[in-house]
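Order of writing sets the chain letters: A, B and C. Residues in each chain are counted from 1.
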């Protein structure tokens, strides 16, 4: 009997020794997360005997702030959009990165190697529609407002970011002038006025899967959407089309939450995700542009045309102005929320 | 005049029945509509069905995330139930022992978790637990869920105690039984149905809870409802239907248990000399 | 076994004490022991419920950002008359504070907080931080004012002073669509485009009222019908009320999405039956929220009403009818009044629960259908304006507490347990 217990105790001891380390990675959910699982989480945990605890969120910084402020950090690595990255970095919510541990900085595209963030991919907000349901293909955001030619509901992401840009683009503001106009009070009023025209026809989405679901169910005829989701739906056989003209692209980055108990492991993970061969797998699973310049050449040529970074797709596109959103984000989000709720 | 009223009554009764039955159908349809979808072959959560398949159950059972969520729910809910039932039963027994000043206030405090809006509880606990190092922990969730379940235990046990004849306890005491012994051997068996149904309420509360969990849990503590919430927003696919069907089965079991307890309680009450 | 039972006390106490004293003493120890039984739960709830809620009430007045970031500036401002341009030393103190705050990562929260006073301060501070005057500069005030004349205006400094108090009314005022005007310092209504919360509050109360009325309107006849059924059959029918009652709210919400969406079962069938050509918009709007909330809360009316109605003897109505009253009239004057207490209690309970709803409107409503709870969550998670979240939360909480007080008044006579 005692022997049995001793053996069990020994086994338990041994088990706890080889027990895998844990790393909590929180990213935007859905297909994006599934692709990350395939390209990064699974191979990384296999190679390093690490349990990856994969979470999802919608980019809210509140949890991170509460964790950092109370020193009770449960998340290690998070995926954030650019304004959140820069703001969080200056607020001390993220660890400054030591690029000597994260792979070759020179391989990364310019903005992808920043003080607190390592770029994961370039994604784009595009106009998407069901080509079997529209008689004529829309050419850009101006057509999005044309409820006569294209009757029915449209969907937009429920945030000031993207929505205000889209409204101004639809109102005829050029891509180059976009943020100059939006930085003036008159420009903001103009955007809201334009939105007023369409308000009754807009259904707001919050998670990236919703607009695709609604296109499938016929709830909306056109929508703004993450380009990767649209391509994924196309692969499933849905007759969806993308309008790249007027698309808005941005980069998502990995950041390490300040005070993470697994910082070294988190760095190892980010270094792993930075490698071109892993980014290739990611881009081939969901067509978001890689941040490692060497990855592009490795990607299946058939996929390359779907990436936001493909030259043809970049032509009518505009990058989201991070500085603008850092300065005006809260004010505009609040006004937008008040506007939408009325 | 008599003739007149029977005519209206004759028309009235079937209309009334049809109305009532359709309301009852209204109550169950959204639940029943989920079940066939979980056996649907297609990958969207909508009708018409495209063929029978168990793939979404395979998906559910084979998914690490869903399994982790199920496991967490099965850790947190029983722990919270145990805590809520133990504390709630003791308090209900104490309350039933008589009047004292401030009883109304005490009662109000004990019931308040049931009344306060969940978001407020969630946000308050989020700020407060952050200071106590209880965010992103099982303990924090168990405490929060127990607090939410407590009012149900207090109410159901208190209701059962109404039918409890205190002379039983007095008899036990006069025969020399120490209080704990008297409680365990005399009172508890008699009020057991109330305690158990309170516990079932507490269990259901924790097992269904999503708002507080969303605020307090990190991915490692994700529960079944939290996973479902993410699924409904992020990825409305039939795996949710499979999970939902299993949860419906669980609630059906809870419901049958409650019904059985209620009948038992009625019988006991009939037997007790009140 | 140190505890002594009640009867044991009777034997062991002083024989000389009067019966009354002995009884009182016994009563006292009995009561103490009752309290001991309640104490663990009370303490548990104090820690895991009452204190956190109190904390959130406090948070709606808490105002730490400026106090923490600009201590020397606030100190330097103490001697200022509030009318003229502040001394040079105030400007120097501000620059010094800003430098320290920058190193300590307090700038974002400072900018955020001052931005609440007036949106222009956000740009003002961002500009100043981009080009902070050096220590050796001849006149700090001049170089700051050169950036923006706002620095020369006393109102700017009064705003800093106001935002630099340890407690603030800003959030509570904002929760009622008011603010302190940065220029004049008076409490004024928020401009039309920004005012929101009074209408959200009204909307919350209105939606809760509609749902409550729907629940009573549909629940009452169903409860009555069930109470009229023979017991065994009623129990079977009751399962249809109890099953949704016990089923997870999320499962039911998912069910409603399946039923109500454009390509959903209801639209599908109605189109197939030729009732409509175009699908009706039933979800992501008010209709969807009303339908699902009514569905979720209906059992809370049916079940207690059923219990009440079961206890009502049919003899009253029979007597009224036999005295010549029309059955409907008999029902109205002899039956309905007996259910008033039950209806009021059920309706209040539903109303109390409905005003706190979050998940259902979030998943089935549009932006115009969100209730107060949504904004509490929005400020907590999305904009991280925790003061605002706390103020809106307190607003909701106080309403609920008032309603609960009414509820306990209404239900007290009906519940003899609390008096016994």
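Brief remarks on what is shown
Definition applied: contacts are C-beta pairs under 8 Å (C-beta built on N, C-alpha and C of every residue); 3 or more make two chains touch, one makes a residue touch a chain.
Remember, predicted model here, so these are calculated numbers, not experimental data.
When chain centres are set by their Cα atoms, the one at the greatest distance from chain A is B.
Chain C has the C-alpha centroid lying closest to the overall centroid of all protein C-alpha atoms shown. Between the interfaces A-B and B-C, more contacting C-beta pairs are found at B-C. In terms of their C-alpha centroids, the spacing between chain A and chain C amounts to 32 Å. In terms of their C-alpha centroids, the spacing between chain A and chain B amounts to 38 Å.
Averaged C-alpha coordinates give centres for chain B and chain C that are 22 Å from one another. In chain A, the residues that touch at least two other chains are 63, 216-217. Within chain C, contacts with two or more other chains are made by residues 261, 263-264, 380. Multi-chain contact residues of chain B (touching two or more other chains) are listed as 46, 126-127, 233, 236.
Considering their complex, residues 22, 24, 26, 29-31, 53-56, 63, 66-67, 69-70, 72, 74-75, 206-210, 213, 216-217, 236 of chain A touch chain B.
Chain C meets chain A in the complex at residues 104-105, 107-109, 112, 115, 119, 122-123, 126, 193-196, 199-200, 261-264, 279, 281, 284, 366-368, 370, 375, 378, 380-385. Partner chain C is touched in their complex by these residues of chain A: 60-63, 65, 87, 90-92, 153, 158, 203-204, 214, 216-219, 327, 330-331, 333-335, 337-342. Across the complex, chain B meets chain C through its residues 5, 8-9, 16-17, 19-20, 23-31, 33-34, 37, 45-48, 83, 87-88, 90-91, 93-95, 97-98, 100, 103-104, 106-110, 112-113, 115-129, 143-144, 146-147, 150, 154, 158-159, 162, 170, 173-174, 176-179, 182, 204, 207-208, 210-211, 215, 225, 228-229, 232-233, 236, 240-241, 244, 247-248, 251-252, 254-255, 258-259. Residues 1, 3, 5-8, 30-31, 33-38, 40-42, 44-46, 48-53, 55-56, 59, 218, 221-222, 225-226, 235, 237, 239-244, 246-259, 261, 263-265, 268, 292, 295, 298-299, 326-328, 352, 355-359, 363, 373-374, 376-377, 380, 386, 389-390, 393, 396-397, 400, 404, 408, 417-418, 420 of chain C are the ones that touch chain B when the two sit in their complex.
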